[in-house]
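Chain lettering (A, B, C, D, E and F) follows the sequence in which the chains are written, and residue indices restart at 1 in each chain.
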C-alpha cells in the first residue's frame, strides 16, 4: 500500500498536484456557497426592512 | 431560437441556472470518480516516465479548461457589449475566477511535473510562458472588475478588456512560440512528443473523462456563482422580492 | 430647421440600487428656461448629465428635433453646452488659452478680440495672463462661464452655475441667461440659491419626494 | 483658561505679485461670529487659510490666547476646525468611516452613536453605508459639515459653507452655527449667498477695493 | 478632422511644455532604470551585452507605462475630459490626438536616447540602428495600447499599478519582437521578419486602439 | 502616540482593503516585471540565473516606487492631507503611520512572493533565503526613502515620473547591498557584511525619513 502511495518515487509530486487541485476546487465551491448564503441573507434583510418601513 | 430569448432574461434564467447547476454538478462528480479510478488503477504505468505521468490527468484538462474558459468568457463579454444583455456580462464575470483557478492549477501541476521530468520547476518555454501570461490576463480582468464600484460600469469595463485580451491571446501565443524557437533547442518538445506517441487508448479515454469532469465542474460552479450575481444586481425588482420572501419564510 | 425642440421621454435613471426617477417626460421649446428643483441627492445632476449624454439612462429616450440624441451625438454636441460642478478648465493654462481651446474644438472660429471681450465682460481683464490654478474659486468659475459668450450653442445645461460667484457676477450671469433665452435659446439649470428668474417661458421641474415649499 | 481670544496683528498676504491685504488687524472673542465679505478674488480664502496656518503670511502675526499660533501649532490645532472649498473627505470611505477617522485623530474619543447621530442630524441616515464618492455634491458637503458636531473645537473657520446645500440644510447649518456661538464658540466664515446671520456678537470684515453695498 | 487633431495635440504639448520637467523625467526614468541593472547584476561586460536589448526594451516599456497614468487622469479630475466628450467630433479622434501627443512627449525621446544607452552596454553599429528602429516602430504601439488601459482604469484608486497589470501583458508581443530583432541582428540573422510583424501590430493598434479607448472612456466617465 | 499611529495605519489599511485588488496589483506588477526580462533577454537558463538577484531587486524597487505616488497624493487631492496637518499630533508620526501601512500593503507581499520568482530563475536553497532576508530588510527602507520623494513631488504634474527621478538614486545603495548579498552567498562568500550595512541604513532611514517627509509635506501643501 505504502508502495502505491510512493508512486515509484514520484509520490510527492503526484499527490502534491492532486491535493492542491482538490483543495482549490473544494475551496471554490465553499466560497461560492458562502457568497450565495450571505447574499440571500443580506438582500432578504434589506427587503424586509424596506417593507416594514412602508407599512410601519 | 424563441426559447433562447426567453432564457436571456435574468428572471427566467435564475431558476433554470439553479437546475442546470445541480445537474452539471452531479454529472461532474460522477465523471470525477470514474476518472480518478481510471487514472490511478486502470491506466498502466508509462514505460518512459514511470508513475509520474499520472499528473497528466489533471494537468492537461486544467490547461485546456484555462484556455477554453477564456474564449467562452470573451464571447459572453462580446454578446454583452453588442446586444447590451445584462446576463451575458454576468456570465463573463462569473466564469473568470474558475478560469483563473484552472490556469493556476495548470501552472502548479506543470511545475510539479517539470521537476521530476526536466529537473527544473520552471523553464521559459513558449507554452509555459503563454500560460503564465494567460493568468495575468485573468487577474487583470478580475482586478479591474473589483476596482470599479458600480456593478454595471464594472461589467462593461471588464467586458471591453476581455475583448481586447482575446485579440491578444493568439498574438501572444504565436509570438512566444516564435521567440522561443529562435533561441532554444526543442529538448522539451521531444519529451512531449514522446508522451503523445506513447499514449495508449486507455490513457486517452481517462484524459477525456477527466476533461469532461472539469468542464462540467466549471459550468456548475459558474452557474451557481451567476445566481448570486443575478440576485445582487436585480435586488430592486419584484421577482427577487417575492423569491426572497419565499425563501425566508 | 425652424424651431429647436428637446423632448425627454419616459426617462429612468438608477444609481447603485437607488432609482432616482422614472417615467420622467417633458419637452422644452426654443426660448424657454427649465429650472430643475429638488433637495440634495434627488438626482438633478444625474438628470442633467443624462441629457448631455454623459450618463447612460436605464430606460427612456432623449430626442433633439425629433431624433434620439444617441443617433446624432456629434450634431447634438454642436448645439449643446454643459457646465457641471467641475470647472472643466486646465489649471496650468491661462483663462485665455482655455477658452481658445474650447472655441477651436467646438468648430466655431473665434477671434482673439472675442475671447478677450468675453473675459472682460466677466471681470477678468486683469488676470488674463495668470494660470487658472492661482485664481480664486469665483474667478475660476467666471472663466468657465465665459464660454457661454463664445460658443454658439443653442441648449445650455448649467448645474449650479451661481456657486462661488459674488453678487455682481450673479447679476451678470442672470443677464446673460436672459439674453440667451430671449434670443431663442434654451437653458436648463439647477440652483439652490434664491435667484430671481423670469426669462422667456419659465418652466419648473421638481425632483425628489419632497413637494415644492 | 477663561476666555479664548484670537488676535490678528498687522497681517499682510501676497500672492504672486499681488498684495491681497496688508496691515490687517482685528480680534475675536469667545461667543462671536466674524463674517468676511468681499468680491471674488479679494483674498477671503487666503485670509482664512493664513489664520489656520495653511498659508504663510508675508508679515504680521496670529495670536491665540496671547501667544503666536506658530509657537503652539499643536495646541492651536486642537481648538481649530477648518473647512475649505475642498471637502477633505476620502471618497472611498463611507461618511461614517470618514467622520470616525477625524474624531480619532483629533483626540476626542467619540462613540458610534454620536457619529450616527451627527450623520442623522444632517439627513444622511439612509446613505451611511455608501462611499462618499457616489454621494451628490450637497450630500458630500453635509458629511464634511457633520464634523462640526463631533469635534469639540472652539474656533470654526468655514469657507463658503453654504455652497451646494439645499434650503433645509442651510437652515440646519445656520442653527448649528448659532448654537456654537451661543455656547461660547467662535466662528469665522465667508459666503456669497444671502443668509440671515444674527448670532452672538456679529462682526463684519470687508476685503477688496469695493465698499459694502 | 485634421484641425481637431492638431488642436488637441498642440494643447497637450503646450501643457507638457508648461512643465518642461515632464518631458525630461520620462527620459531620465528610462536612463536610470537601464543604469540600475549593471548595479544589480554586476559589471560583467559579456553578460551585460547579452542582456542589453532586453533591458533597454523593458525599461522603455516601463517608462512609457509610467507616464500613461497621466494620459487621461488630469483631464478627468478637472472635468475637462467630460467637456472633450461633448465636443462635436468623434471621441476616437480626440483620443488619437492625445495618444500622439503622449508619444511625442514620452516615446520619441526614448527612441532618440536609446543609441547612447546601447553604447553603454557595448552594442555596436547595426545593433544600435536596429535598436532605434524597433523602438521607433514599437513605442507608438505602447502608447496606443496603453491608452486603452489608462482609459479603463480612469478614476480608480491605485490606477497606476492597476494600469500596469492590464497593459503589460498586452505589451508582451511588442517586447518579444522588438528585443528579438536586435538580438537576431546581433547574431547576424536577418530581422526583417520581426520588423514586418511589428509593423503589422502597429497598424492593427492604430486602427483598433483609439476606438477601444474611446469606448472605455465613455464607460469610465459615466 | 501609539493610538495615533494605530489609527493612521488602520485607516490606510482599511482604504486598501476597500479595494482588495490594490494589494494584489502591486504583487502582480512585481511578478509581471520580473517575468518580462526572460521575454526580453531570451530563455537561456544560465544567463537568467546570473541575472536573477539583480532583476528581482530592480523589480522590487520599481514596484515599491510605483505605489509611492499614491502614498500622499490621494490624501492631498481630496483635502484630507491638510486636515491631517491640522491634527494635534506631530506630523512625522502621521507620516510614519502612513509609511508603515504602505510597507504592509506593498512591501511585505513582495518579500513573501520573492522565493517563487527566485525558483523560476533557477535559484536554490540558501540563495532563496538570502533573497528573502535582504528584501525583508530592504523594502522598509524603500518605503521610508520613497515617502520623502512622494512628499516633495506632491501636487506636481507628472509626479509619478518625477518621484522616480528623485527616489531611484536614493535607492541605489540598498540595491547594491541587497543584490550583492545574494550574489555573494551564491558564490559561497559570507554576506554578513552586506546585511549589517543594510541594517544600519534601515535604522538611519527610520530616524530621519519621517522627519524629512513631514518637512517636505509642509512645503508642498502651502
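One rule holds for everything that comes next: contacts are C-beta pairs under 8 Å (C-beta built on N, C-alpha and C of every residue); 3 or more make two chains touch, one makes a residue touch a chain.
Note that the structure is a prediction, hence the values are computed from the model and not measured.
Q: Using the touch definition from the top, list the chains contacting both chain D and chain F.
A: B
Q: Counting only C-alpha atoms to place each centre, which chain is farthest from chain B?
A: Chain centre farthest from chain B's centre: D.
Q: Find the two chains joined by the most C-beta pairs in contact, please.
A: Highest contact count belongs to chains E-F.
Q: Distance-wise, how many Å sit between the C-alpha centres of chain A and chain C, to the nearest whole number?
A: Each chain reduced to its C-alpha mean, chain A and chain C end up 52 Å apart.
Q: Between chain A and chain F, what is the gap in Å from one C-alpha centre to the other?
A: 34
Q: If you average the CA atoms of chain D and of chain E, how many Å lie between those two points?
A: From the centre of chain D to the centre of chain E is 46 Å.
Q: On chain E, where are the residues touching two or more other chains?
A: Residues 19, 74, 156-158, 162, 165, 168-169, 172, 176, 222 of chain E touch two or more partner chains.
Q: Two or more other chains in contact with one residue: find those residues in chain C.
A: Expected reply: 15-16, 85, 92.
Q: Quick check on chain B: which residues sit in contact with 2+ other chains?
A: 136, 139, 143, 147, 150, 176, 179, 235
Q: Can you identify all of the chain pairs that touch?
A: Touching chain pairs, listed by label, are A-B, B-C, B-D, B-E, B-F, C-D, C-E, D-F, E-F.
Q: List the residues on chain B that touch chain A in their complex, please.
A: For this pair, the touching residues of chain B are 45, 50-52, 54-55, 58-59, 62, 97-98, 101, 104-105, 108-109, 112-113, 115-116, 217, 221, 224-225, 227-228, 231-232, 235, 240-241, 244-245, 247-248.
Q: Touching chain B in the complex: which residues of chain A?
A: Against chain B, the touching part of chain A is residues 7-10, 13-14, 16-18, 20-21, 24-25, 28-29, 32-33, 35-36, 39-40, 43-44, 46-48.
Q: Considering the complex alone, what residue numbers of chain E touch chain B?
A: 148, 152-153, 156-158, 162, 165-166, 168-170, 172-173, 176-177, 180, 184, 197, 201, 208, 212, 215-216, 219-220, 222
Q: Flag every residue of chain C that touches chain B in the complex, lowest number first.
A: Going through chain C, the ones touching chain B are 14-17, 19.
Q: Which residues, counting only chain D, touch chain B once they are in their complex?
A: Per the stated touch rule, the residues are 131, 133-134.
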